[in-house]
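Here it is, the structure in full.
Chain lettering (A, B, C, D, E, F, G and H) follows the sequence in which the chains are written, and residue indices restart at 1 in each chain.
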Amino acid sequence: MAERIWSVYLSGEIHSDWRERIQAGVREAGLPVEYSAPVTDHAASDSAGTGTLGEESQPFWRDHKGAGVNAIRTQTLIQAADIVVVRFGGKYRQWNAAFDAGYAAALGKPIVTLHDEEFNHALKEVDRAARATARTAEQVVDVLRYVIRGELP
Amino acid sequence: MAERIWSVYLSGEIHSDWRERIQAGVREAGLPVEYSAPVTDHAASDSAGTGTLGEESQPFWRDHKGAGVNAIRTQTLIQAADIVVVRFGGKYRQWNAAFDAGYAAALGKPIVTLHDEEFNHALKEVDRAARATARTAEQVVDVLRYVIRGELP
Amino acid sequence: MAERIWSVYLSGEIHSDWRERIQAGVREAGLPVEYSAPVTDHAASDSAGTGTLGEESQPFWRDHKGAGVNAIRTQTLIQAADIVVVRFGGKYRQWNAAFDAGYAAALGKPIVTLHDEEFNHALKEVDRAARATARTAEQVVDVLRYVIRGELP
Amino acid sequence: MAERIWSVYLSGEIHSDWRERIQAGVREAGLPVEYSAPVTDHAASDSAGTGTLGEESQPFWRDHKGAGVNAIRTQTLIQAADIVVVRFGGKYRQWNAAFDAGYAAALGKPIVTLHDEEFNHALKEVDRAARATARTAEQVVDVLRYVIRGELP
Amino acid sequence: MAERIWSVYLSGEIHSDWRERIQAGVREAGLPVEYSAPVTDHAASDSAGTGTLGEESQPFWRDHKGAGVNAIRTQTLIQAADIVVVRFGGKYRQWNAAFDAGYAAALGKPIVTLHDEEFNHALKEVDRAARATARTAEQVVDVLRYVIRGELP
Amino acid sequence: MAERIWSVYLSGEIHSDWRERIQAGVREAGLPVEYSAPVTDHAASDSAGTGTLGEESQPFWRDHKGAGVNAIRTQTLIQAADIVVVRFGGKYRQWNAAFDAGYAAALGKPIVTLHDEEFNHALKEVDRAARATARTAEQVVDVLRYVIRGELP
Amino acid sequence: MAERIWSVYLSGEIHSDWRERIQAGVREAGLPVEYSAPVTDHAASDSAGTGTLGEESQPFWRDHKGAGVNAIRTQTLIQAADIVVVRFGGKYRQWNAAFDAGYAAALGKPIVTLHDEEFNHALKEVDRAARATARTAEQVVDVLRYVIRGELP
Amino acid sequence: MAERIWSVYLSGEIHSDWRERIQAGVREAGLPVEYSAPVTDHAASDSAGTGTLGEESQPFWRDHKGAGVNAIRTQTLIQAADIVVVRFGGKYRQWNAAFDAGYAAALGKPIVTLHDEEFNHALKEVDRAARATARTAEQVVDVLRYVIRGELP
């Protein structure tokens, strides 16, 4: 059967190498995947509004302006994705990751969550809306390999 | 003009009296509002699956089962709501509140967030997707009064 | 909070009393539920086309004609439902029950499946698309009570 | 007129060679068709969850986990398909095939069913939701040839 | 089960009494049906635009203006209908009836066509998109009785 | 036929009495219409944000905050409307009226524009997206009477 | 600006050379257009069902079977089209052309009708739903050239 | 990550060089962007209807005819766009720009407005529906660079 390119959006935590690990594993497996993601450079992301549209004196509107610009990217790419992977790490509140998951769920996108067991209870609604919950980036690769090729590791 | 009943979904924090304060203010203002909300009894909510469909030995599936039953309620009611108010408090991670906000955003529902200034930065994506950010339950009442009646406090 | 009437569609098996048991339980619990269902009189259902639009000489078109008339009812009512309960019993192939489940799933309707454990494996795709899997009509009542009132049995 | 590539999803029975026969006939006819399908390796499909995301002690959750991973594939591909062919064979209950048909019907996808006459009555709702009912893989090829090229055999 | 009111749109021929016959039969059967229809006063319908918005010197724009006003009614009511009955009679070309059928089909509304056998071939695409084809107004009543009450005549 | 209540949204100019004239004419004609509209008190509308959610030092964000609160009302009510009447007067730029028209058009709502001939050319895109263009409030009433009752003046 | 390929569906009359004339004009103008259309071989179209899926003894079901197969083609291609041109000629009733127009209208596709002035009154609803009414194939080419290139003849 | 081509629709003012400035900046930055826009030749745009479909004696219908042809282009391209930039200049009423913004907003397209501060108050509803408000074409380029590449100027 002809090979389809799958679009995978990688949402969530930006302070660990999980995206790189998924990409390395997918590359090794030779899977036809193209990725999209939010801007993962924390400083750039925080300046998305003021760095492009001019300074703001108040922090709330500074953030608001930046979040608007970031949303152009994130919501467009989530809408274009076949699969949305959402990673929750130990640091920060990561409400935007949960927001992305809710957004993807309402669009009917299949979600794969990726997090440690310690967050099971706090993430139960998000995990329920997901089609799969992985513990490691390698498991996400295994899911992608199965979904795309029908092969188990 | 004939008075329309507005459906307001109250999502988020379940450990403070913000819902009651909104309802009291709305009652006092005489606004035609009907409410919906997740189950706010924490213990009942955690037992939503096992209490109705039978015990589970593993915590992950116990939560999964409960989240499924809770989702029947929450997603149906969010879909039926005119306005979704999402409250973020200081305790717990409240990923489900952010999930609800994302879910409502993708459905095009107008969102009002309600939280203290300390969470401004962490909630910037959620606030950007909202039409209004309130600091107090009373401000939410003021927004509802204006939206429904066109009157300012 | 004002009480909402929940529309529940009862799909599937027509040769046991599960619908009556759910309705009795809901009545006892005093829940605000209105029901809809396919025509459960087997003979009438099989004659839905020829009994209204005239005889057909060939069995295939006889069935086709009847299924068209039945679909006016079932698809309209599933689209109008808040919750779709799908019952799989031991007799017959019940492909129409599974079809209804798929139809409801694509519409984003919350599904509750109701079947014995012996069908777990055969129904795994359907159960996965459901928000809850019940074993008895009484458990369905318990789910409805929780979803509507937030109360556990 | 420029030739369009048609996406055909082949749902249902995995224990006979009907997919291969359709593909051979399409190849012979030189039709521009790309295929998608569920994973047709029965053993792999049953291990889709545990083989990628880790073991489960209970059969129900084992199946549930697997069905979630399979659904990422099947629902994405059905959504991307132009035409959904659903095959019902003599073995197994094949509720997932009927589920796929219902899912495709609610999405407005044109469905072609493929089954022996003995299932006519049991499949009447599914056949009614379909645009065509074929008895052989070769007839499906003939339908595809006509749909794509406007040519009869 | 609680009785639901069914909205039935009666599209097509305006020069015979088929609407009255359906309404009489439904009344006699005591079915909970509310009707909607295009304006069936031919002269008024032709003046819908100029009679409300002012004269037009050119026939094309006179018709265009009228068709715009009529469309406010017809498209709103078709969108609100549960069932669309489309009647084709012997006179006039009735392209608007076929247009309504196509419009209803794309919205996923169940259609019942009503016409004599002589039009079978010319209406084959429309009949295929319908869930039922009736020959008499009384058969439409029988279909409605079955759909709403599950009873055969 | 049972009388349906029609929801009519009255968008645009807030400095003349066109809404009152439509309402008076509709009342006189005894038509079953319920209205909705933006807040037409100019001062209140401009303070919609700061009057409910607190002051803003910068005019841009003051407006932004107010427009968010106003949008909760206007977009909800346009979505709930059967018909959207958009009035363009001689004063101000009224970009929000044109915005409402575009918003309604993309939702498939039937639009009636109301404006003097002098704006014909500037409003040609908006008028084209409308089903009718009226010159006086009385003509809008005539259109509503025809649409609802099928009667010409 | 990069050149986009426009998909144009050519619906309606199959007994004159209007499709060829549009294609010749488009070719001459060098416009990036790809076409789709129903099967225009009348005999093949009438045998679409029986020629692929086997004979039928009754004319109604023969047509029904054929219309189902034709609908796989036509509805898929209309859904994929950017623009739908609908041609009404003098012969036959052409209810399927009007059906296609209604179908396209409900999907929000821009429609161009093509017919002689004698049908203006009979086609007023269809023309109103269209964005343009042309009298000659050459005018359709002119519309396409303008729409695609912004150039007038 | 694989580079995605972003479709940007440039709506609004046609009497200054803002489109060229955005395109020059994007070219310099090497961003993968394809553009679409209304026909920006004012004379051609005004003759879109009569220049293709024949003269009209009355100015209103002349404009109406032209607006229909223009809408085939503009609405198709807005629907296909990832991002809609809307420019408001000092001249003309530009109701079509505001209409486009409303149309894009209802479709959920991310909007970037581009206008001078003097229009802030008049455009507050439009700016609120946008994800970003720019003052210069260069800022739009900066937003696009960030959205596409995650890089700040």
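Keep this in mind: contacts are C-beta pairs under 8 Å (C-beta built on N, C-alpha and C of every residue); 3 or more make two chains touch, one makes a residue touch a chain.
These figures come from a predicted structure and were not determined experimentally.
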* Asked: Just going by residue numbers, which of C-D, G-H or E-G has an interface where over half the contact pairs are the same as at D-G?
  -> G-H
* To do: Sort out for me whether G-H or F-H is joined by the greater number of C-beta contact pairs.
  => F-H
* To do: Averaged over CA atoms, how far is the centre of subunit C from the centre of subunit H? Could you give it in whole Å?
  => 49
* **Cα-centroid distance, subunit B relative to subunit E, in whole angstrom** => 43
* Compute the distance, rounded to whole Å, between the mean C-alpha positions of subunit D and subunit E. => 36
* Structure fact -> Averaging C-alpha coordinates per chain, one finds the centres of subunit E and subunit F separated by a number of Å equal to 30
* Spell out, as numbers or ranges, the residues of subunit D touching 2 or more other chains. => 68, 71, 133
* Structure fact -> Per the touch rule, the subunit H residues reaching subunit G in their complex are 34-37, 39-41, 44-45, 47-49, 51-54, 65, 68-69, 71-73, 75-76, 80
* Asked: Tell me, which parts of subunit F touch subunit H in their complex?
  -> 59-60, 63-64, 66-68, 70-71, 74, 88, 92-107, 117, 119-129, 133
* Hey, which residues of subunit E end up touching subunit C in the complex? -> 1-2, 4, 82-83, 110, 112, 130-135, 139, 142-143, 145-148, 150-153
* What residues of subunit D sit close enough to touch subunit B in their complex? -> 57-58, 61
